[in-house]
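What follows is a pair of complexes built around chain A, which joins chain B in one and chain C in the other.
Right after this comes the complex of A and B.
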């Protein structure tokens, strides 16, 4: 029994909880359980599911294409998370330091986040399209031959850049709030002591912002694995030659292009496990290094 | 060792004038306290000195160097803040060395040597490996002082450094600051709103109000010869009693009393803008405000030595302070506060006969608030300067 009586009765508490509980159950827990179950079946479009035990997992273990997809996803996530955090942190610092027009800088940094992912992907496509892109000319003027429709590594970089660009706004919103919470006196002490600007960012602001930064690392990791589907789908469709075939896109194609629901479900369970393990590691690190105020 | 000179220094924030054209010289090695109520511009003045604010007008010089537009780091000053401003994620040692490391102008051995010396001076050796959250307020402020002194700055700037400490610790740290200053002899500008702190610490005290300097003097001179009503009422606790009187034939006349004014110093050496007490403009009568500190009023029966002249008052409230009794009483339609012996038995509503110290009377102009008469003859104000300790 609860020691605090907040609600008049259990009925009231249950009613208030119901919408969230129902939505979570119908759209989250039930599909999760179903995916887990389906991963043990050979299941296709218009065919009766047939129980195959662990066969789907075993075949994934022996599939080199899938291995490379896992590797690509992890590398992609690492690049996106590090890139988003680093770029957002620096942009936040610049906005924090500037005296005039802070609001305008903030808006211009945040707006890509306000776009739906698909629109963001299309905007980015028109910016760096190999022949039509607005930025293609200037980039090629630097001596880089832009050919990411055919060049795998270039396509990987383009998708990663698009994913970073889209997520910066979200990070900046949290980071600017955290940075503004650093007491002014610390900034002033650092200024009087002659501590350089970057040193101040890295040695004073970042340690104090760690709770926010760890939260963002978690959110950005989830984003990198799950939220970047639209960029892969609209920019490269996983190509060229599977160079951008990240897990989330790979399992989508498995399910809805090849209609191998069993294999796709097994892939989604593996993706879930990969992310879960990474989360566990991150939470452990958070406990160890995060600074939670005096 | 540095002399700091401010010339017609002003700072405006939008339409608020925080500092209004002040002139001030902080002498080499001096402990100067700037005191005033909230919003008087004292902290802004200190921040202008530190370079954390840019003056709207005027000039700041350190020795002969014009530092008005210089970056904080190029001024070689150290600042101590009210909230300590320790980096919360760094140990005491790292807090002290971080600025030196970052500035890059010290070798590791030099840093170690200085930290050891500062730790010894401030008795903080056992705090060096602790983080601020594991320190008490007093310990934090000591570490913050350590951070200030290791850099051997030209001047210390202290912004209410003791305000966050409890009363007992504050008194202890006050004594330590005095000792530290005697030992280091570094020019120090100390800002506070606490007049007791100002009186006890300052070799000279600057009283500010409304962005302007009201008076600069050694503490005792400030107390004995306030230049205007603001200073008179701000310095001293409880505040000086102010009574409207008429001046007539060398006496202050009120409905309830007539106090003869001794020759006094009609132009006390600390009193600015003084006018002769005798021969006022019109018809020998003149309005004035008589200022008498509560501790200069006594029950006539307790101090018969103070003279014949007494006046009647009615006791309203008594406040026992332990070492004395503070009596609120009414004289005519004025309420005044006065000191009495701690165990005097006084009943509210009772009539008492009040005597005063004729040496401690002040007169202020009712319009301008300027002091124009102090009954004490101004002698050279006692200089409170500490003997200089040299290594």
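Right after this comes the complex of A and C.
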């Protein structure tokens, strides 16, 4: 019988696994457990933690500011995910269809994968700065008064655009691989039958790419919730009037501006549930659609 | 794959039905809307949009003041050398970049070594409970930094690691993603090679260094780039745990510049110089090693 399991030293195996297991336990599982525990306490700098049971959670349930933060995060994630997927899919399709220079086009749209969010945020801050921005003049010439330091919805759009821009690279990387896997025979049949290019994208490529697209929807959702902190921090600091106060920024402020570690821990637990649900959905979808992708 | 084809064919049939019998007119219309030249034009426009912000940053970083209020102002200036020198020397980017590099290299090397060891145990050892350990590692995907940075902050204080290289490297060393990618790759190495090694009586260390590592060069380079980009771009955790400028990383260094420029004490050209500097290392690595990087991503998704 052929097997890869050619070694059987138990001690050796334990030693090999130990570093990963210990770091996971101490720096990943233990802090998470600590967050659950602290969430039942009233705790902060220079105060003795006091057990309050579910009070932190109850106060979150009744806190309209937190509700609006949840709502903002969900809307933000929806816009970012739809924006990223739509733009990336169309870009990928164009690169897939182009007859020359594919490599150059590809690198010129996947590079934002390497872009540090902090850099992306500062460049956006400069480009659409209400008074200095290089794009401010052209945008205002279209009749839009740029005032996103004071105007909530505008600030929201600026942060969302910056977040979408950064995530295009990662998405195109996965989409181009999936699109290349579409059998040529299908493309040819479609061409012979006179199906136009855009129609081919929607009716032939997208269905075959479904597993990849689901994977990206989940990854992009997690990114929108957790990977966009730098954009919010550097562009708007959650403002104006909390218009961009997404959950991750709200949590940061709770812990490191207000030093309410108890409430912050309860908010961490809520975020953990968000990740858990997203991962569970991904797991289910992967099972269901592995049929198409494998 | 056959399932995929059948599914697509079905969708495709229904699309054709929707188009109706007069497919001829549809053809001329839809090929006209996206001819070969049209594809190039659209790509130039869209790729141009994706590149535009960074081109602005580069151009502004060469100007004296960085006041660029209209598109015609976007001509390169002659102050590049002064601006970059000032960012690196006077605004501490030499220090920030060095700290970022140190953090990233330690994280990459640490993760790589630790994850190779774990993946070897998971794939090549016949021992009980190893699948449980693998699950234990995989489940950490549920625990990204944003979920645990508050308690991690307290833990670092208790350990006395705050404001140190240990704080921004050790918590990153365990990597579910890397172990998973390496495991997938090891499982794709033919068993015949593994069995030959066994017949030759090769021990685990020699097997790893002489057989596995040479057969995994592309993947090891690919995951190294992924991990470098990940570590270099960390912002939230260093912001929270590092409180002295001397130990700060480039991402948070940018945040310090942002405060000054908003307050009007600093020119935008310097901020853009700092931004370009911070972008360069991950971008250069990605472009140089794009082939193994893309191949590694292909493994990750399987």
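One rule holds in what follows: the second predicted complex is superposed on the first by the 269 of 294 C-alpha atoms of A that agree within 3 Å, B and C clash if a C-alpha of one lies under 4 Å from a C-alpha of the other, contacts with A are read in each partner's own complex, and residues count from 1 in each chain.
One rule holds in what follows: a residue touches a chain if its C-beta (ideal position, glycine included) is under 8 Å from a C-beta of that chain, and two chains touch if they have at least 3 such contacts.
Quick caveat, the model's predicted, so the values are computed rather than measured.
Within the superposed three-chain model, A:259 lies out of touch with both chain B and chain C [touch as defined at top].
Of the two partners chain B and chain C, more residues of chain A are touched by C. Of the two partner chains placed around the shared chain by superposition, neither chain B nor chain C is touched by A:57. Within the superposed three-chain model, A:94 lies in touch with chain C and out of touch with chain B [touch as defined at top].
Within the superposed three-chain model, A:214 lies out of touch with both chain B and chain C [touch as defined at top].
When the two complexes are overlaid on their common chain A, residue A:196 makes contact with chain B and with chain C alike.
When both complexes are overlaid on chain A, the residue A:188 reaches chain B alone and has no touch with chain C. Of the two partner chains, both chain B and chain C are touched by A:204.
When the two complexes are laid over each other on chain A, chain A has residues 183, 186, 189-190, 193-196, 199, 203-204, 207-208, 291, 293-294 in contact with both chain B and chain C. Those residues of chain A lying in contact with chain B across their complex are 183, 185-186, 188-196, 199, 203-204, 207-208, 291, 293-294. Those residues of chain C whose C-beta lies close enough to touch chain A in the complex are 1, 3-5, 7-9, 11-12, 14-16, 19, 23-24, 26-27, 29-31, 33-34, 36, 39-40, 42-43, 46-47, 50-51, 53-54, 56-57, 60, 66-71, 73-74, 114-115, 117-118, 120-128, 130, 133, 136-137, 140-155, 170-171, 173-175, 179, 186-187, 189, 191-192, 194-195, 197-198, 204, 207, 229, 232-233, 235-236, 239-240, 250-252, 254-255, 257-258, 268, 271-272, 275, 278-279, 282-283, 285-287, 290, 294, 297-298, 301.
The touching residues of chain B, counted against chain A in their complex, run 50-52, 71-73, 75, 77-79, 81, 83, 85, 87-89, 98-100, 102-103, 131-133, 147, 151.
The residues of chain A lying in touch with chain C in their complex are 2-10, 12-14, 16-17, 19-21, 23-24, 27-32, 34-35, 38, 87, 90-91, 94-95, 97-99, 101, 105, 107-120, 122-127, 132-134, 136-138, 165, 168, 173-174, 177, 182-183, 186, 189-190, 193-199, 202-204, 207-208, 212, 215, 222, 225-226, 229-230, 233-234, 248, 251-252, 255-256, 261, 264-265, 268, 271-272, 275-276, 279, 291-294.
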